[in-house]
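Look at the two complexes coming up: chain A is in both, with chain B in one and chain C in the other.
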Partner chain A sequence: MKKMIALALAAMMVVSMFAGCGGSSTGTPATEAPAANAPAAAPAEGAAPAIKIGLSGPMTGGASEYGLAVRGGMEIAVAEINAKGGLQIEFKSEDDQADGSDLAVSSYNSLKDWGMQILAGAVTTGSALAIAAETVNDQIFMLTPSASAEDVANTGANVYQMCFTDPNQGASAAELMKAKWPDATIGVIYDSSDAYSAGIRDGFLAKAKELGLNVAVDNAAFTADNKADLSAQVTMCKDAGCDLVFLPFYYTEAAQVLTYANTVGYAPTFFGCDGMDGILNVEGFDTALAEGLVLMTPFDASATDEATVAFVEQFKANNGGKVPNQFAADGYDVIYALYNACVAAGVDGNTPAADVCAALQEQFATMKVDGLTGSGMTWDENGMISKAPAAMVVTNGVYVPVA
Partner chain B sequence: MRILQYLINGISIGSVYAIIALGYTMVYGIAKMLNFAHGDVIMVGAYISFCVTSYLGLPAWAGVLAAVAVCTVLGVVIEGLAYKPLRGTPSLAVLITAIGVSYFLQNAAQLIWSSSPKNFSSIVTMKPISMAGGKLVITGEVLLTVAACILVMVGLTLFTGKTRTGKAMRAVSEDRDAAQLMGINVNRTISLTFAIGSALAAIAGVLLCSTVPTLQPTTGSMPGIRAFTAAVFGGIGSIPGAMLGGILLGIIETFSKAYLSTQFSDAIVFSVLIIILLVKPAGLLGRQMQEKV
Partner chain C sequence: MKKLLNNKAARTNLITYLVVVLAFLAMQLMNSAGMLGSSMKGFLVPICVYISLAVSLNLLVGICGELSLGHAGFMGIGAFSGILIAALLKNTIPNDFLRLLCAMLGGGVFAGVVGFVIGVPVLRLRGDYLAIVTLAFGEIMKNIVGNLYAGTDAEGFHIAISTSRMPLGEGGKYIINGPLGATGIQKLATFSMGFLLVLFTLFVVLNLINSKEGRAIKAVRDNRIAAESVGINVTAFRMKAFVVSAFLAGMAGALFGLNYSSVTATKFNFNTSINILVFVVLGGMGNILGSVISATVLYILPEAMRSLQDYRMILYAIVLIVVMLCTWSPKVKEYLSVAADKALGIFRKKEVGTNE
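Moving on to the complex of A and B:
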C-alpha cells in the first residue's frame, strides 16, 4: 500500500514536471490556428511561403508573466497580418524560462531547426545576451521586445531593441524630474543584483548630476537574496527627508516598498520605471497605496485611441480577460516592425536567413514605425530605439498621462 | 531615534527569521535531519491563508487555522512519503530528498497559483504606534511577531521539558535505538515532530507575509535559508538559540544596511556568522557534543 502511494506521488511529480515543460507546446496551437485558416485569405497558389518568425522567452517559471504577455501580443499581430493576405507569417515560441545559459541557447537552436528566419526575442536580458551571440554567428536578424540592457544591442549589428535601453530610461527619468519636480530631494532605492535596475540607476545618476538634481540617497541597494526586507532602505530615504523616491525595479518589490511606507506613514512621490507596470494588477494589492505613483511606461492600456482599444479588447478575449501590459504591446509592435521591414525589403519564406538579416538591417537604418508603444520610432546604428518616453501617474486606480 | 527605528526594523524581520528557525531547529534537534522543504511549507501556509481570506472572504483567524491544519497534514504526509522510507540511509540521501521536496512544492505552487505575485494583506489591523513625531514607528506586525515568537519558544520549551511526549522526543533525539528499546514509538514521535514543525511553519508563513506582503511560489526559500543560518548561528537543536539567532541576524542585517553598506550587507552578516562559528563551533547556545570513538 505504501509503495503504491509512493509510486503515485512519484508519478504526480513527473506529471507536474511535464506540465511545466508543456507550456511552450500548448501555446503553439493558438498560433497555428490562424495559420491553418490562412489559405482562405492567402494569395493564389504559387505565392511565396510564409516567413518564419521565432520567439524565445519564459513561458513557465518565475518570469513567465513577461514571456506570456509578449507571446500574447505577438499572436494578435500575427493573426491580424495573416488575415490581411499578402505576406504571411508563421510564428513559433519556445520556452527558455528566462535562463541565461543552456535553456536559452537550446530554445534558440530548436527554433533554428524549425527554420526560423527572424528572431523576435528574447524576452529577458539574460537570455537575450546568450542568444544574441549566436545570432551574430548565424547572421539571423534579432529584434527583442523587452531585453533592455545596452549590451544586448551592442552584441552585433544584427541585434535591435524595441524597448528603451536601461541607461536611457534612467536619463529620461532624470529629465522628467528636472521638468516636473526641480526642487525635490530625491532618494534612489535599487536592486544591485539586477542589471536592469543597476543600469537605470547609473543612467539616472549621471543625468541627475548633469542637471543638478538634489539626490540625497543614491545607495539604498538590495539584492535578490535579501529583498525580503526593504524597510531599512525606505527608512534611509525617510531620514534623509526625501520627498521623491525613485524605484527603478520591478513591481513585485515596489509593492513591498509602498506597503511599508504606508505602514510607517511616509508619503513621498514614488517614481517608477517600466518594470513598475503591472503593480495595479497584483492580486490582493490595495491600489489606494499606489495613488499618486508616477511611472514611465511606453504603453497605457486605458488609452482611448483606436489601435490601443482594439488591441486591449483582442488581448482580453484571448487571455481570459487579462489586461495587456507593455510587454504585450512591445511584442505586438515587434511583429509589425518586422512585417513592415520585410514587405519593404521584399523578403519572404524563400529568402535565406542571412539575406533577410542584411535586408532588414538596411530597412531598420532608415524606417520609421508607428505602434502602440510610440509613434515615429527609429533606430540608431547600434540598434537602439529612439522614441518619446511617456510618463503616467496613478489617479483613482488608473493611469493618467502626467500633465 | 534613528538607531532605535533601525533596531525595531531589525527585530521585526529578525523575529520572522526566529519563528522559521524554531521549526528548523525542532526538526533537526529531534529527527537529526535538515528539512530544506521547511521554507516551502511556509509558502504553502501563506497561500492557504491568502486563499481562505481573499477567495472565501473569511476572517484572518480562520485563514491562520486553515493554514495550520493544511500544513500539519502536509508535513506529516511529506515525512511519511519522502523521509520515512529513507530512515537509516546516509543523511546525504535524506538531504537531497528534502531539496527535491522543496522543488516539488515550489513547482506545484506555481501550477496551482501561477507565478504572478499576490499581495498578502496583513492579518494585523492595529494602527502602528507612532512616537517622537513620527520619527519612531512600531507596527502591529512587529509586536505580534515578537509575541508569537516568545509564546512559541516558551511553549516548545515547556512541551519538550515537561510532557511525556516531549520527553519521548528528547529521548529520540538523544539516542534513537535506546529510545526504541525503552518502548518509545520512534516513527510516531518523528511524525509528531514534523506535524509541530509544519504547524509552526504555517504560523511563520502568515507572519512573514504580514510583514513582507509579496507572496510568490519562491517566497519561502530565501527567508528559509536565512532562518536556517539563524538556527545554526544560535546553535542548531537549541530552541532558545533559534530565537536568539534569528533576532540577532535580523538586527545585524538591518544595521549593516543602515550604517555600513546596503550592497555588502549579506557579506557582513555572513562574515559575522563565520567568526562566531570559528569561536563557538556549536553556535551561540548550542551544546558541544563529545564524539565518542
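Moving on to the complex of A and C:
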C-alpha cells in the first residue's frame, strides 16, 4: 500500500512538473492565429493590435556582447516607430546563448508561444541555421541582422539577411587589396572554430587565387578556446615577411593582435572586416595602435549625418555611454526594413504569421531600404542583401573612407 | 510478485521504470489533447537525450567510481556519426524509423569503439588520470569535427579533415561542413524514440548494476585492492563500464543530432560535459531514478525561468547551489528527514489502522 502511494506521488510530481511548465507556454499556437486572443497591446485609439517581432540572440554567455548590441539597436527603432503612431510594434527578445541546436530552438519556440509573427534574428550564425529550418516549417518571416553564412539565407525562401555574406565579404576584401596593394605579401590570421571567420577566409583565398595576390601565410589559425594569446600567429606572419595582414574576425581578438604586433615592433598594414568595427572602443586598448588600420564596415559611428548622430546618441543614453557597433546598427535597420515592408503590405497584429510571411516576401523582392548601414539596399531572390561595401581607414582616431 | 517487491533493488528498479512510463504516457496524453505549447513539445526529445546521458554517466561516475569529464565528446561522436549514417542511408532505407535506429546504433558503436581505444591505456592507470584524459578527449573531438568536411556529389561520398573547405563537384551537398557543423539535417527524432532510448538505457544500466559484473564493478570502486585479491580483473571491469557508458552516450548523441536541422561541434564542449555531470551529482551518485528526475528538472529549469530575462542564468546557478546544500549538508538533511518522517507518519498510522 505504502509503495503504491509513494509511486503515485512520484508519478504525480513528474507530471505536475511537466504540466507546470507547459502551462506557462500553452498560449496561442503562433502559426494559426497569433493575434486572435492576444491581449490588445495596441494604442488606445482602437487601432489594429501591434505586430509582434521577436529576436533570438545571445543575451548571456561569451557572445552576449553581440546579442545585447543588436537588442539595443532594435529597441531604439521600436521606440521611434511606436512614438510615431500608426502601426505599432511589440518587441520581445529571448536568449539562445549562441547555441547551434537545442537552446536556439527552445528560444525560438518560446517566442512562438508568445505569438511572434516576424523573427528579427538570430544574431549568430549557428543559432540562425538551427532556427531558419524551423521558420521554414512554420512559415514565419525571418530577417537576420548579423548571421552572415550563405547557408542561412539558402535555408528557405522566407529567410533574409541584413549583413553581407561571409564569402562575399572575403571576395570584396581581395578585390580591394588587388586595387590598393597589388604587390603586398599577405598573411591571413583567422579563427578556425568560427563559421564567420572561416567563411570569410575561404571566400578571400578563392578570390585572391583568382586575382593572383601573393598570399604567403594562410594557415595562422586559432580557435575559440586558445585565443587568449595570439602571439604565435602574429609571429608566423612576421617571419614570412608579410606587409599586409588580413584579420577576418572580431575586434576583441584584433585588439590583441595589434597590441602584440606593436610590442614586437611589427607594423604591416592591418586589414579587417565588419567584425572589426568597435575596435576604437575596446576598454584598455590604445587606439593609437589602430592608426592606419583598414576595415570594411557598412556602419561608421562617427559619421555626421543626422540619422547616425541621433542613433548614436540614443544608444549611448540607453546603454551607459557605450558607442554602438555595426551589430546595433544592423539591428536598427532590420526593424525599419520590417516596419516599412509591413506598412507597404498592409499587415498588422491581426494577420496570421504565414500571411505576414508571404506578404513580406513579396515586399522584400522589390523593396529598397535606406538605413544606417547603407542606402538603396535591396535583396536578391535568395534573401541575400546587396549594398555597397565601404572601406574605411582609421586616421587620427576616426574612420575615413579609403581614398 | 511479492518476492519481487520485497527485494529492495528490484523494487527501486520497478519504480524507476514506472515513473518513466507514466511520465511518457502523461506527456503523450497531454500532447494529443493539445495541452502542450511549442516550447514544451520542443523539450521532449532533448529531455530524453539528457536522461540517457545522465544515466549512462551515472554508471561510470556513481557505480564505477571513475570521473569522466568528456561525456559530451562521446555524445558528439554519436551525433555526427549518426547524422552521417542517416544521410548516407537515405536511399537505402526509406523508412524513417529504421534509419533512425540504424543511425543511433551506429553512433553508439562509434562512440563505444572510441571509448575502448581511449580506455586501453588510461584505465590501467590509477588516480585521476581518466578525468584528465576524458577532458582532453572532449576538446580534441570538438576541434577535429570543427575541421571535418563530409559531403556527397555526383562522384559519390567525400570526407576530409582540412583547414579550408573541401571542394565538392557538381550537385555537391555538404553533410558536415567544418566550423558550420552539420547543416540541413533531416529531422528524424521522435519523442517515442526518445522514450525507447530511455527505456533501453535504463534496462542496460539497471541490469548491469544488479548482475555479477555490476557487483564486481562496485567492488572495484569500493576497494580496488580487496577486489584484486579475490581475483577480479580490475581493468576489464572498469573497461566494461566505460565502454557501455560511451556506447549509450553515443546513441543519445545520435538522437540529439537528428532532432535539429543543424548541430555544431562547439555544442559538445566542456560545458555540456559538466552539465551532464551536474545532473548526475545532484540526482545522487549511483541513484538512477535520481539522475532521471534531476536531468528533467534541471533541463527545464533555465527554460522555465525565461521570463526573468537576463537574470535567469544567475538564478539557475543559485538554484544549483541551494539544491547542493539541501542534499549534502547533514544539518539540512536531518531537518528534511525529520519533516519527511512527520509527513509519512500520517500515512503510516492510517495504514496500520486499516491493515490490522
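The rule is short, and it goes like this: the second predicted complex is superposed on the first by the 357 of 403 C-alpha atoms of A that agree within 3 Å, B and C clash if a C-alpha of one lies under 4 Å from a C-alpha of the other, contacts with A are read in each partner's own complex, and residues count from 1 in each chain.
In this section, a contact is a pair of C-beta atoms (placed from the backbone, for glycine too) under 8 Å apart; a residue touches a chain by one contact, two chains touch by 3 or more.
Only a predicted model underlies this, so the values are computations on that prediction, with no experimental measurement involved.
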Partner touching more residues of chain A, whether chain B or chain C: C
First, second, both or neither for A:E362, with chain B first and chain C second: neither
Partner chain in contact with A:E134 - chain B first, chain C second, else both or neither: second
First (chain B), second (chain C), both or neither touched by A:D305: neither
Chain B versus chain C as contact partner of A:S192, first or second or both or neither: both
Which of chain B and chain C A:S101 touches, first, second, both or neither: second
First (chain B), second (chain C), both or neither touched by A:T223: both
Chain B versus chain C as contact partner of A:A232, first or second or both or neither: first
Touched partner set for A:D113, first chain B, second chain C, both or neither: second
Overlap of chain C and chain B interfaces on chain A (superposed complexes): 2, 5-6, 17, 19-20, 60-61, 192, 219, 221, 223, 225
Touching residues on chain A, where the partner in the complex is chain C: 1-3, 5-7, 10-11, 14-15, 17-22, 24-27, 29-30, 59-61, 94-95, 99-102, 105-106, 109-110, 112-113, 125-126, 129-130, 132-134, 149, 151, 155, 192-195, 197-199, 201-202, 205, 218-219, 221, 223-225
Sites on chain C touched by chain A in the complex: 5, 11, 15, 18-19, 22-23, 26-27, 30, 35-43, 46, 139, 143, 146-147, 163-165, 177-181, 183-184, 187, 256, 259-267, 293, 296-297, 300, 303-304, 306-307, 309-310, 312-313, 347-348, 351, 354-355
Parts of chain A lying in touch with chain B, wherever the complex brings them together: 2, 5-6, 9, 13, 16-17, 19-20, 60-65, 192, 219-223, 225-229, 231-233, 235-236, 239, 252-253, 255-256, 259, 263-265, 282-286
Residues of chain B touching chain A in the complex: 2, 5-6, 9, 12-13, 50, 54, 81-82, 85, 104, 107-108, 110-111, 114-121, 128, 130, 134, 137, 139, 141, 208, 211-218, 222-223, 226, 250, 253-254, 257-258, 261-263, 265-266
